[in-house]
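Labels A, B, C and D are assigned to the chains in the order they are written; within every chain, residues are numbered from 1.
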Amino acid sequence: MINNFIHSKAIHHIHEECGVFGVYSQTAMDVASLAYYGLFALQHRGQESAGIVVNDDGLFRDCRGMGLVNEVFSQEKLQALGSGNMVVGHVRYATTGGSNMVNVQPLVINHHKGRMALAHNGNLTNSFALRSQLEEKGSIFHTTTDSEVIAYVIVQERLKCGSIEEAVYRAMERLEGAYCLVISSPAKLIAARDPHGFRPLCMGKTREGAICFTSETCALDAVGAEFVRDIAPGEVVTVDAQGIHSQQGHCGKAPKSLCVFEYIYFARPDSVVDGACVSLARQQAGRFLAMEHPVDADVVIGVPDSGLEAAIGYAAQSGIPYAIGFTKNKYIGRTFIAPSQGRGKTA
Amino acid sequence: MINNFIHSKAIHHIHEECGVFGVYSQTAMDVASLAYYGLFALQHRGQESAGIVVNDDGLFRDCRGMGLVNEVFSQEKLQALGSGNMVVGHVRYATTGGSNMVNVQPLVINHHKGRMALAHNGNLTNSFALRSQLEEKGSIFHTTTDSEVIAYVIVQERLKCGSIEEAVYRAMERLEGAYCLVISSPAKLIAARDPHGFRPLCMGKTREGAICFTSETCALDAVGAEFVRDIAPGEVVTVDAQGIHSQQGHCGKAPKSLCVFEYIYFARPDSVVDGACVSLARQQAGRFLAMEHPVDADVVIGVPDSGLEAAIGYAAQSGIPYAIGFTKNKYIGRTFIAPSQGRGKTA
Amino acid sequence: MINNFIHSKAIHHIHEECGVFGVYSQTAMDVASLAYYGLFALQHRGQESAGIVVNDDGLFRDCRGMGLVNEVFSQEKLQALGSGNMVVGHVRYATTGGSNMVNVQPLVINHHKGRMALAHNGNLTNSFALRSQLEEKGSIFHTTTDSEVIAYVIVQERLKCGSIEEAVYRAMERLEGAYCLVISSPAKLIAARDPHGFRPLCMGKTREGAICFTSETCALDAVGAEFVRDIAPGEVVTVDAQGIHSQQGHCGKAPKSLCVFEYIYFARPDSVVDGACVSLARQQAGRFLAMEHPVDADVVIGVPDSGLEAAIGYAAQSGIPYAIGFTKNKYIGRTFIAPSQGRGKTA
Amino acid sequence: MINNFIHSKAIHHIHEECGVFGVYSQTAMDVASLAYYGLFALQHRGQESAGIVVNDDGLFRDCRGMGLVNEVFSQEKLQALGSGNMVVGHVRYATTGGSNMVNVQPLVINHHKGRMALAHNGNLTNSFALRSQLEEKGSIFHTTTDSEVIAYVIVQERLKCGSIEEAVYRAMERLEGAYCLVISSPAKLIAARDPHGFRPLCMGKTREGAICFTSETCALDAVGAEFVRDIAPGEVVTVDAQGIHSQQGHCGKAPKSLCVFEYIYFARPDSVVDGACVSLARQQAGRFLAMEHPVDADVVIGVPDSGLEAAIGYAAQSGIPYAIGFTKNKYIGRTFIAPSQGRGKTA
């Protein structure tokens, strides 16, 4: 793995589109596999790297790596992660340039009050300012991610208050921008969503009663969990041996602003995001397009994959037949050797 | 690679659904890349193994292995294959049990009159009888494939006649069953299709004038070649420095019997097989189904991938809206760890 | 794996220095592991490729590949080979150019009377003539090795006589040059050594009574077998359910001519070859050198590894102190990146 | 990579036997290759993991991984590291349990005054106390290594003084135990050795004038550098655009205590450690043994590798002949499948 440590002041996280997943079970179970299937369902949100951290009664075991979920995890590695009562998982979007093994999440750090695994989807707007303040006090940074800044801010708050969830809540007052967090402390699993609700985050429950937090409902389906509710913008939800409790003080402080690209492009069509089915939202968008921009055509063709539903909606509204016009070669993956001037294709 | 040499008398090739590809160019060129892109387009016809043999003015270089095209070939390996004026490629269907490194095609053998690379799609019905006759004369077999039997029969005929294409033509009188062959001798590229025409085989031409033989037209599109014509059942087409010539004596000797599963399931929707577009054939099948079996329903949903076009046809004929009901997780490949009782999924 | 099929008439096997290993056990056992440890001990005789074929009551399972024994075999692959009552193993010397996956031994072929696994150390001097005769009769060759020629000759003889060992014995009358063979038929294990005895071959017995044939005694030590005796030049030894029997008709027909490089360079110092300990032979050579070429020097230094014993002998004879002058970096293997003009080393 | 984050309070680094290597060149060059060859020569000091960090005018590129030098680095990865004017490399001993990807050195961290790559051989005795003090102030730790504690202490001192070398010098007043450090800041390369001099550290110079710091002189030989001098216990040597300067204030504060196992076991025989040749030291030890414990014997045999020289010394002193009694199979590496009850070896 070759890493490029570019200067921290030049870091821009334009495409911080990731997927997070966490589980809290009252009894030890194979949480690593739950995370594996959850991350597989969230794979469309990040193909650069993947990681799972199992919390086995305060002992943290992690497996993280560059690549797709099926490249990072093997049967053997999942078994080595063992059982536990908590897990945190993360898939990360392929950004150009800053791809970096040390940046692979979840982040696992040790601090005065114990240990913490943190998975983060989003990007801060005041990351540089926070980082500079910390460095001026002697802090050292291993990564170039916002997530390490968030971890530092939480740890600082933790020194001043009585619980990790209170520390997360206080930290949210200092963090600006988009963030959905799933955090495991030795004894608690915490989910937090920024006051704007830029990125989706929801809660589910497996048949055995384990609580899941994840970016999209399709990950709940993948592990056989039922959707319970969305995490509200500004909310902190904590699960521990005593049960679930929520702190909502930040709610309503900011206008709700779910990123529209979640419906148009990012989310999987079978997910329900903040109460709306992504597939139906895309069909509806196609119907609106047909009403606003009617055309005279023989067929309506969608560009796979996110454009297919919109095409179906356009076809239904306009009465023009729907057809399949593009056949994707499903075998073309990251190892495909693209044709160049000198090879293969004519011309 | 672990091979199981099962007793030859117990061999059954039920699922001999493969893809073949060959190119003849008057001048040396990067034929390995043409084969690579051609095989990628034919990957749906065989995921068990893949192979490419480059004929560089009589010097044969091959690269063969178990797995998908992108697993068997790398940039480095394609470069090592080098340029040439002929290439033969093959992808093989995943059969249970008989998966075997030594069976990976194209077969490359040395004989009295030179060398031969042979790619075969189909399965013989008299393979066992032919093999027994050969063994009784002292022949030895390295593989358990029909292809090695075909090679032996051709080599035997070659000793008795003046050209390799004549030997192929004579061998066809002794072979029974389904076979499409693409064969490279030191100086010629030969395509042959059994008299029934069970499996598809067609000819195309690249912009530079190189001649291609392949199982489906989608492979011609992949290398920028134009479709010229289908190879007729019973026909032998030969390309060499003198040009293209055909021998059609076996034509019409048997009823034409293209396997109907080519249209229903095997072929890619964007291929044209024996004159009919596969996509339209599937839509038409859906229309017929709607006429023969009308139902009262809210939506018509197709099972991906081969059922989508039939569903569109059914929807169009019946007036019931078409919808997408299944989202395939495109990241689930052969390394996916399936959930078991003891792991992951609840219940 | 990229193979180069060079023209058969241009094949020269200068460095056919290989290691062979075979076991016959009256009861099924983990013969694959015996072969694994035996080949590890013979690794110095061939680093290009390795192969093991298990004969499990007539069912042959093989695992062969390019590279060192530890690269070709894993715990998983050895387990997949399963138990059996016979095994044949081979390691092959790194020859330049003709390195070729299809040439990896043991060779496994099917013929009229069954199946045969063959491991060969040596090289024929009449290989080309035999091959031409076979090709003229319609035989096809997959490899460019002498071993395939030997297999054909044995199979031809087998059609004319009543047993495989008789066929091997008759074949030896047609084969010229150096060869040590270990062959497994469905029910027998056969060892044969050319009448000159160019290459070493010996027999041992494990504590459980399994019979081993191998190139050097160090492989017997590695599997806990006791040395029984050397195979005589021209001898054919067969083991089957009835026991061990030997045919020695070829013995004494040719002058015994063990290759002197076995003592000087090829064999391991702890092996005993044709009755002489290699280590002592090297020390003795050093003593002779000291007598024939006395020098005035401060220390005697040997070049590792084969020169160390000779240096000790020279030192002992001459009275000049022995010293270690070269430290080999034992971590430098085939993946070591050699320094070039443009990289690393100064000058 | 599966990591076990064991509780920090239970960490014991008994076997912190590592190798460090660093280069400062006034002009950009292929320093990655220098580090590669240097680490290859130091491989005997650590087989668990390896890492190289290139400093290309303030831009740090690193490649680190678990395994041997030849497993971690490929031609491709060395090229990706590119040229630079500084490099820091590290090989780490295989410790049980705490093997951990995040612990792989050199450590690369970002702090207020820039960036720092740090390679460390040794172990602190006050690591836990320093770590606790830091955590109480809000510091977070990614690793369980002493090296991260050292980095924090240096960064804290850096905030209070004018240069990185001064910060290293001040940090040494707070660090207790064994440590040899090679540190690259954006513009300087610094070597420091603890006041006791527990572990070796020396300086060399390549023909082009590049300055090297490394654990053993054999790494200087490997890169064609000449030995200049040992770093004195308690000394800090800094190289930058202005040249070499040294700070020796800590020298003589503690009794010099080079670990005797360096001569007996750790160091390579061809290294010169603190002025004494390791090979001669071992021979001398053998001579002393022969004087103190004379025996009546036929031969003197050394146990490879570190016992060979002692045996030669014993033989020379006693007059008993030296012989080679053990042949190591040099192909047995970490992938060797050890025989168990159920497999292979008899008994």
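Convention: contacts are C-beta pairs under 8 Å (C-beta built on N, C-alpha and C of every residue); 3 or more make two chains touch, one makes a residue touch a chain.
Owing to the predicted nature of the structure, the values given are computational and were not obtained by experimental measurement.
Undergrad: Through how few touching steps can subunit B be joined to subunit D?
TA: Step count on the best path from subunit B to subunit D: 2.
Undergrad: Let me spell it out: compute each chain's centre from its C-alpha atoms, then which one is farthest from subunit A's centre?
TA: Chain C.
Undergrad: Of the pairs A-D, C-D or A-B, which has an interface that repeats that of B-C (more than half of the contact pairs shared)?
TA: Equivalent contacts to B-C are found in A-D.
Undergrad: Between subunit A and subunit C, tell me the centre distance in angstrom, where each centre is the average of that chain's C-alpha atoms.
TA: 57
Undergrad: Need the CA-centroid distance for the pair subunit C / subunit D, whole Å please.
TA: 42
Undergrad: Pull out every residue in subunit A that's touching 2 or more other chains.
TA: Residues: none.
Undergrad: Linking chains that touch, what shape results: line, ring, star, complete or other?
TA: ring
Undergrad: Help me check something: in the complex, which residues belonging to subunit B touch subunit A?
TA: Against subunit A, the touching part of subunit B is residues 30, 33-34, 36-37, 40-41, 43-44, 68-71, 73-75, 78, 206-208, 218, 223-225, 268-270, 279, 305, 308-309, 312, 315-316, 321-324, 327, 329-333, 335-337, 339, 342-347.
Undergrad: Touching residues of subunit C toward subunit B in the complex: what are they?
TA: That would be residues 1-8, 58-65, 77, 80-81, 102, 108-112, 115, 135-136, 138-142, 144, 151-152, 155-156, 159 of subunit C.
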